[in-house]
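Two complexes, one shared chain (chain A), two partners (chain B, chain C).
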Partner chain A sequence: MTKVETVVVNVAKQFTKLPGLRYIRLGRFSGEEFRQKFLLEPLKQGKTIIVELDGVRGYGSSFLEEAFGGTVRELDLDITDALNRIKIVTSVESWRLDVEEYIRTAKSRKNATNA
Partner chain B sequence: MKKLREKQRRFQSWKSAYAMRLRKSSKPKKTYRKSKIRHSGVDQRVLVAPSHFIVLSTRSLQNGSDVNEYFSFLSKLRSVQSGNLTIDMRGVRRMIVDAALLFKAELSRLIELHGVRFDAIAPTSQRTQQVLKQTGIDTLLNLKIDIEPSREDVIHWRIAEGPRAGVDPTELEPMMADIEEVTGLATHPVYQGIIESIGNCAEHAYKNHPDVTWRMPESPSWWVFQQVKDGILMVVVCDLGIGVNRALPLTLSNEHGLLKKLMHLVRRTRGEDARALLAAMEYGRSSTGLHERGRGMKNAHAVINDHGEGDFYAISNKGCYTYRKSSPSTAGQSKTVKLRHSVHGTILGWRLPLEQASAESMQ
Partner chain C sequence: MSSALPIPAAPAPAASAPKTVVNSPASDVIKSPEKLAATDSAKLCFSPDFAKNICECVSHTKCLKTNEPAQSSFGTTMFPSAVSAALVIIGWIIVHKAQSNRERRKQIREYVSNLCDDLTELESLAIVYHTSAREEAKEQEIISKLGRLEKACSTLPRFIESQKFLFKAVKPEKLKIDGKRMQVLRQAMTLNHFGDEHTGALGHQDDFILNLELATVEVREALEGVRIDSLD
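After this line comes the complex of A and B, so read on.
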């Protein structure tokens, strides 16, 4: 049995304490930028990611949706697989629930867009 | 004897009523200093600012004379298309956070889009002078104020502003540092409210709309004022965009059915702007497959719920939505009102007591 490699990403330490908006075109420290820098590559390589959300000033929902929901859409991940491979560590329960919701509903957005 | 007493009583009553009438007629009528653009000499226009800068009164909303005078002043200011304008600030005694912010936004817009050059006659009130300096309005007015802000009710004002594209969240760090200083909390729900509101400005507030033929500001295009005072955190975010009433149909352009459903839900609310605001709140709450969109308003509103208590208000053009939660255990109460005066944009404001968070952080 092969051991799945795990990558730990701490948003506050490795990215920013002040997460920004949804898209790169809107400004610095966006959800899209975070996704591209920290999430896509390890997941493409089949790794599991532990994302530590604490230590920041707060998150806008568009940041979290674009980072995590956007990852599911871009890599066309299976929802169960995405939930298994993207682990959220935080003391703020609502952030974890939000991220899980964005992962679950990412596909429905894609389906709606494709429809 | 009894008859005489009755006569005396009636005479006394008539006398006091007569005296009252006399007093009323001799009392000079209260005159309000109306703001008007005065032309003096060679093309030097002077606009007199009102004594109170206030958008919404707690008791009378927009029916008070103070609010009317402020909007009359603002309307004259907005009508300036070019050249120089002197603003006579001598009589300004009180500037409420949101009204000061709207004033600053309008000055920035006129400078950026019309190249208006402002001058000002300095306020006589030291407090007002300090507010102008602390908020950077003095620079826009080319006003030289020598005193450094020192008053407790002024030094805690913080400002941030930025462009539609290229938003830099680090601009918000001084505000968040202030909150951390008071509460001991590095993370605060109000950050979510502020960043979502700025995101709303960047993504939706300045969309092209067929009704909007006027130019809209590029940089700055959003403004934030924050004040921490007496354990109360006040945060106000403002834009001069198209308003929720015009932005919502554009945001939901691919979902006509949903828009129709939302507008049906809020059909009994007075005023199209107020209806649109309420619909935007409902949209945030509604469970659609498109969770990631349109949640800005919901999050702005949820800041209060996450904090436990406080007030939130949203004003978009002539619509106003207020939400109050008086304690963590009680349900919040919301109200929608049609206003008399348009703010020509959108203002979102939060008022949060900080003591509770402070106590929690000590635990």
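After this line comes the complex of A and C, so read on.
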């Protein structure tokens, strides 16, 4: 049985305590920037990511959607696979629920966008 | 031991009763054997030896039945004292715990009341943001206040985490704000028509604004529920 490598990403320590908006063009510390810096590469390599969300000022839903939903769309990940490989650690339940929802609905959002 | 004192057979009446006052806890009651001998019952069973025995026995130094020095006074003095002390301590613990819980519930109510105020402020801010021209400063403020509210709601159960055993101030599940409600609130405020998607001011009767108000109502109801559950 092969051991899956795990990468731990702490948003507050490794990225910022002041997450911003959705896209890079809207300012610093956007969801798009976070996705590109921390999520895409490990997932491409087949690794599992543990994302620690606590310690920041707060998240806009657009940040979370672009970071996590955007990852699923960009890598065209299977939903179940994505949910298994992206683990969320936080004391704020609504953040975890939000991320999981954006992963689940990422494809439908893409379809809606395309439509 | 001498906890149950059988009355011995009546000895011969006292010829001459000792006049000394016995130095014992009972000496206030049994002033002297002479006084006892004056009563009808004492007349029947009183003698100097018997009086001495009574006095020693009451003062827990001698067993009346066996006429031997008492081995231990636990049964007559220590046990009732220990029970009384235990009752006093248990009573104190219960009163202390009740008072502590009352104070804790008061703290929770104040905390929740502040959260309701924060929520009202956040709702106003979000409505103004979405019904006006885009202001980036307001976006940051909304994210910040929303994050603070979410974190504050998620810390509510910690009010009773230090209470490890029985008599918790409030049931732990009563302090939990449903994460789904907070999620809906955040989505209503920051998922759409936020950032560069804010293309123009929305009307106050727009579905987006109504959804935002509805999400706020849901969270406020949850907070009010916690406040009610924290009443005395």
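To be clear about the criterion, the second predicted complex is superposed on the first by the 112 of 115 C-alpha atoms of A that agree within 3 Å, B and C clash if a C-alpha of one lies under 4 Å from a C-alpha of the other, contacts with A are read in each partner's own complex, and residues count from 1 in each chain.
Convention: a contact is a pair of C-beta atoms (placed from the backbone, for glycine too) under 8 Å apart; a residue touches a chain by one contact, two chains touch by 3 or more.
Not measured: the values here are computed from a predicted model.
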Combined model on chain A: chain C and chain B, fit or clash: clash
Chain B versus chain C as contact partner of A:G58, first or second or both or neither: both
First, second, both or neither for A:E93, with chain B first and chain C second: second
A:L26 touches, of chain B and chain C: first, second, both or neither? both
More chain A residues in contact [chain B versus chain C]: B
Touching partner for A:T16 - first (chain B), second (chain C), both, neither: first
Touched partner set for A:S108, first chain B, second chain C, both or neither: first
Chain B versus chain C as contact partner of A:D76, first or second or both or neither: neither
Those residues of chain A which chain B touches in one complex and chain C touches in the other: 18-19, 21-22, 25-27, 56-62, 65, 92, 94, 101
Complex interface listing, chain A residues touching chain B: 16-22, 25-29, 54-63, 65-66, 69, 92, 94, 101-102, 105, 108-109, 111-112
In the complex with chain C, residue positions of chain A that touch it: 18-19, 21-23, 25-27, 56-62, 65, 91-98, 101
Chain A partner contacts - residues on chain B that touch it in the complex: 162, 165-170, 172-173, 176, 186-192, 195-196, 198-199, 202-203, 289-292, 295-296, 299, 306
Of chain C, residues touching chain A in the complex: 136, 139-140, 142-148, 150-151, 154-155, 179-183, 185-187, 189-191, 194-197
